[in-house]
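Below is one structure, written out as structure tokens, with a few remarks after it.
For clarity, chains are labelled A, B, C, D, E and F in written order, and residue numbers in each chain start from 1.
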């Protein structure tokens, strides 16, 4: 994000992006709930080539015991990338980036889950990035909140998320890996769509105050669309469940 | 350090064991399968574009994703004219309530080493064809296996996914030009495969065998063995992977059963990856 | 793995939160500050003679020491004409009863990455001037931050101390002579600084904002955001670093408030290090 | 095991092996029980140049507590090699090989130890390889079961073990390091000699079904001989103990 | 300490040391108590360019619980150096040297703290070296015992400490980094000044018995002076506290 | 982090301490030894054929195995004309119920560093003779110590075994031929030894000293000191390794006693390894 690319044209003469999208256009998104057998809830998301599984276990016994909270559930969140999910093979073990993202995802999820309903228990959320092509934390939390819903964990709202970037001076919705690498800014945003409130917000890169406000508005519009896809995925899942039962 | 785990000897296990054994004597299993019946297998390859090779394999409810990244590096000093491969496996915590986050535990290490052994001892990869400059620069294949959903027997689908990923891997070509290693843009080569190893997990309850156990069966088994076979029906690896006695007589039955099931799995694999 | 911590939702917190909110509505805070008032800042530079750059910063009772060691090394292959810097942070156990010895936990990692982001995304260091031989040898700056006393908001003083240490760092000069890298004895150069990034931590309780929270306020906040600004008032980094909802409307207020406080902090910093 | 050696003649014209043995001949074996002071039971074994100590502690309190099992003892087993035990210095810390072997040794020992007699306790078995010249896991478990007997832990049977190899197309008993390195297969086998049943079985390398059956038979014969040496070691130990007391 | 320097003149013609001191002269020392806000007791020390913070927490709950002792407090001590405190950047994490020094500091402090007065609690002592220019363990324990006093932890005596070295055949008090590096011996000594007894003693380097005895005597003299500085620092602290309250 | 351990101040200890002290005043010890009597020592060298040097040492019931592996590597930049050695120690869990598996704890680290100090500060190895090419390639000796059976005082037998392994070590010869480092097959050299360091552990109860303590004595001691001596009776290392007061007067007695016992141990060692 530090050097503006001299070679790669991030916005062409017609205002199109490297993958042909318009600035405010999302990548193709596929969302599915209930994709894994053994977790209590799960989801799969594809945003362009970004591919992520999320799974939820719990509420279950807290282990180790001393982490237990008397008045609510402990929410545990792990954001993790497969070694082959990125261009250069990621070594095994958690990187500092994965540790930080686990924290911001956990904090966002804590905002919506009714943890008080399950004191002395633990809810585990595992986000596994199997391919990373930009926007993994936002796709990851979108999948994670769906997996929580699939697990029947009560929440005040779903969380939907996307990242707004700035490339060649233009704000663009749902930035991909190349735009992130050669662009000027990457701002992941997660919101509770019904209340239109931010639950996760980060920025890497430079924006003016005005750009930042516009970028938040742009994110908010994209998030509403992603939320619709989540709802559809849940409906599909529930109808399947209904048929099955 | 290896520690006893909770499951094997608890009394509910004994009851389950009796039930499974009674069914086996009638040629049946709890999930409706025949004793020597493997669950449905599905294999998708090249599912991860950023990996040089990849395969998602499901075997019943067990789901495994293997990805391969190819790098270049120096060969082992005692094998200067061979490329290098390493196998890692992770039992992801999202796959089962019994898996914990953190560095690979003994089960994950065992899985990685069993897959490694199947590939290495069958000499499946012609490593001599993975040399760029003898003694100096060779291809290194990192075969990383992730268990995404654990519904029993992760061994056989892990071998299937690793071999499927290998067989469909596109190794980016490198050349030494003017003394410098360079990527030959746009060019890649297939993994030089000599044989198609597969593994077969076989469980024992008293004098009966079953294949591809479910988690409930795994807990109830007297013991179990994983056997690797090459395309010529040679046995290339064995791992007795649970406590329990195994008579020589039962072991002979296991060898024969394994050989048949290996052919079955190999034909599924060959069809999926278009080898043969 | 990131786990919920004890503080946020306990009922004593709610009571404290109400008290803080009532005071805020009257333009007051528990420690007597105005809502948008930063605690007194003191900055001492070159406090560690063995470091190439260093700064001790206190902001109220929070005390941060940053030291920089310069080494030489190879550049990243995708940035052959740039020097390298890395930021580490440790929450020393002597700084607070809530910090534990051991490898950096998620809070320390977050702190390091926020400081890194402020410096990196503002392009504060002209990394192209930190090259000795393009593609081969560059200067590497290790910026290590230690929290010595934690009385709330370690983010803003950490950025101040890192930037103060950078701005006063004496980079030992190296040259390549006859193909060998050599230290040019007695010579050093200033860090090539392009802009002066600072961060501002802003807390939210309902519809009110406060800056530079105390530990008690941190626990009572609905949520909080740390923003980094460059000398031209661009926002260069944001981190919402706590659970809680944040409306777009409040976020706009935060951006404006942050911009003002950033200028205030920058002028203190510029004066302390003699830049401008 | 992957390349058949071109230079080293693993079987000579007279059918002798690199160290002069016949295919079905064991190396010289020395077994001793009660060799360490501070453990509850111990043993030392030399098989050719392979040298191993084993020691047992327990049944003792389980630490940490949460590993305790209500209906039986926890068996803990660690297989570990000294840094200088192998040709290339082994780095400190447990390798993946040591982790795997700890598991297969533990599983084999669990098969014979009457763990149900000691609920809520722990039995620790430590195997320390001080020189590795082939067959360390089989010599290790042979010593470990002797150490358990020395500690007075009740078992259904001792465990004796050896490895059968395939070198230059010939099955050979008790393979050594060079045969392992340049041969075609290495099959460690541990059995309960009285019941003639396998408790540990691994194979690295290629064998036909027929070879495998013959190899198991060959192992079984060797194991019977090793078992006799274990019995002698125990007798010697008990007679010493009797004299002492 | 191994090679006597050929180039650096550690003692000049007039018997002066590299920094102009006489053999039995301490470096300038600055000691201050109560320098940190959030610990229960703290101290700062400068001995020449050596700069160290020490802080004490407790008596407080033992965590994890199983470390608790029924008859006295657990004393925990960590000696740690900042990465930039030394000439070559120290990697993050504890070195073997830091682990050893944590042990000897803990043992010295255990000698004077009345641990029996606080059964089932923990007292934590953290020593943070921010610049190391020789004598860090002795300056560190001098600061640590002051921090304990500042925390109101009852002790039989303060601990004061310094290191005696041997450079160019001469015994020197309070050796600095260069003397340590190019000299023949470094002997850190900590004592309880009132009882004139040793609580910490190490030696790196060669001395004859006679030299060792003289060196101990020299240390004892230096320690008395440092003790006075500790007392002054405490008085200053208490008077400040009195004024404050 | 270093934590108090259970033993030192429990009341059963006080009773044992009184009993040991009363015996000492009569010139006796619980196991029948005289106060200044070392337990029987046995030293076997070259016990591990795969190591370049090795020694098994028992001192009463304490048993230590040291092995040395020689490799080649680059010298430290500030000592270009010296070979390198490192000492590691492990307190194997099979040696005592009080040792736990895992990375070396503070006791193991202390043991390694005490042995290292005895060898390094006595300048026992002539490191300048371990250079292959100055500044580029030197011999590196890895001295690894394993405590196999712990019956008190592992320090003195550990030093004995390390020095015995060194004195009998056969360093494989390497040469640089045509710019390449090559092993000179079949040739080896002795470790260049300049002095024979030994250590003596001395325990203090009130005004009495004892040497080579048993575990029971170790727990009951007021304090203890380990002293290293070279062949010329210089003291080369000291470690007070336990809490407790030590008067200057007692320390003088310790120095003299240590010197005598060091000679005794050295003569046993010299005889065992055939040096002198």
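The criterion applied here is as follows: contacts are C-beta pairs under 8 Å (C-beta built on N, C-alpha and C of every residue); 3 or more make two chains touch, one makes a residue touch a chain.
Everything numeric in this text was worked out from a predicted model, so none of it was measured.
With every chain reduced to the mean of its CA atoms, the largest distance from subunit F is reached by A. Centroid distances from subunit B, each centroid being the mean of CA atoms, peak for E.
Pairs C-E and E-F differ in how many C-beta pairs touch across them, and the larger number is found at E-F.
Separation between the centroids of subunit B and subunit F, computed from CA atoms only, is 48 Å. Centre-to-centre separation of subunit D and subunit E, using mean CA positions: 51 Å. Work out the mean CA point of subunit B and of subunit E, and you get 57 Å between them. Shown for subunit D are the residues in touch with two or more other chains, namely 78. Under the contact definition stated at the top, the residues of subunit B that touch 2 or more other chains are 1, 101. In the complex of the two chains, the subunit C residues touching subunit E come out as 48-51, 54, 61, 63, 65, 67-69, 71, 88, 90, 92-97, 101, 103-104, 142, 144, 146, 148-151. Contacts from subunit F toward subunit E in the complex involve residues 1-4, 6, 8-11, 79, 106-107, 109-110, 112-113, 117, 120-123, 127, 225, 230, 233-248, 251-252, 255-256, 259. By the touch criterion stated above, subunit A contacts subunit B in their complex at residues 36-39, 42, 49, 51, 53-55, 57, 60, 78, 80, 82-87, 89, 92-93, 124, 126, 128, 130-133. In the complex of the two chains, the subunit D residues touching subunit B come out as 1-3, 67, 69, 71-78, 94, 96-97, 99-100, 102-108, 110-111, 115-116, 185, 187, 192, 195-209, 212-213, 216-217, 220.
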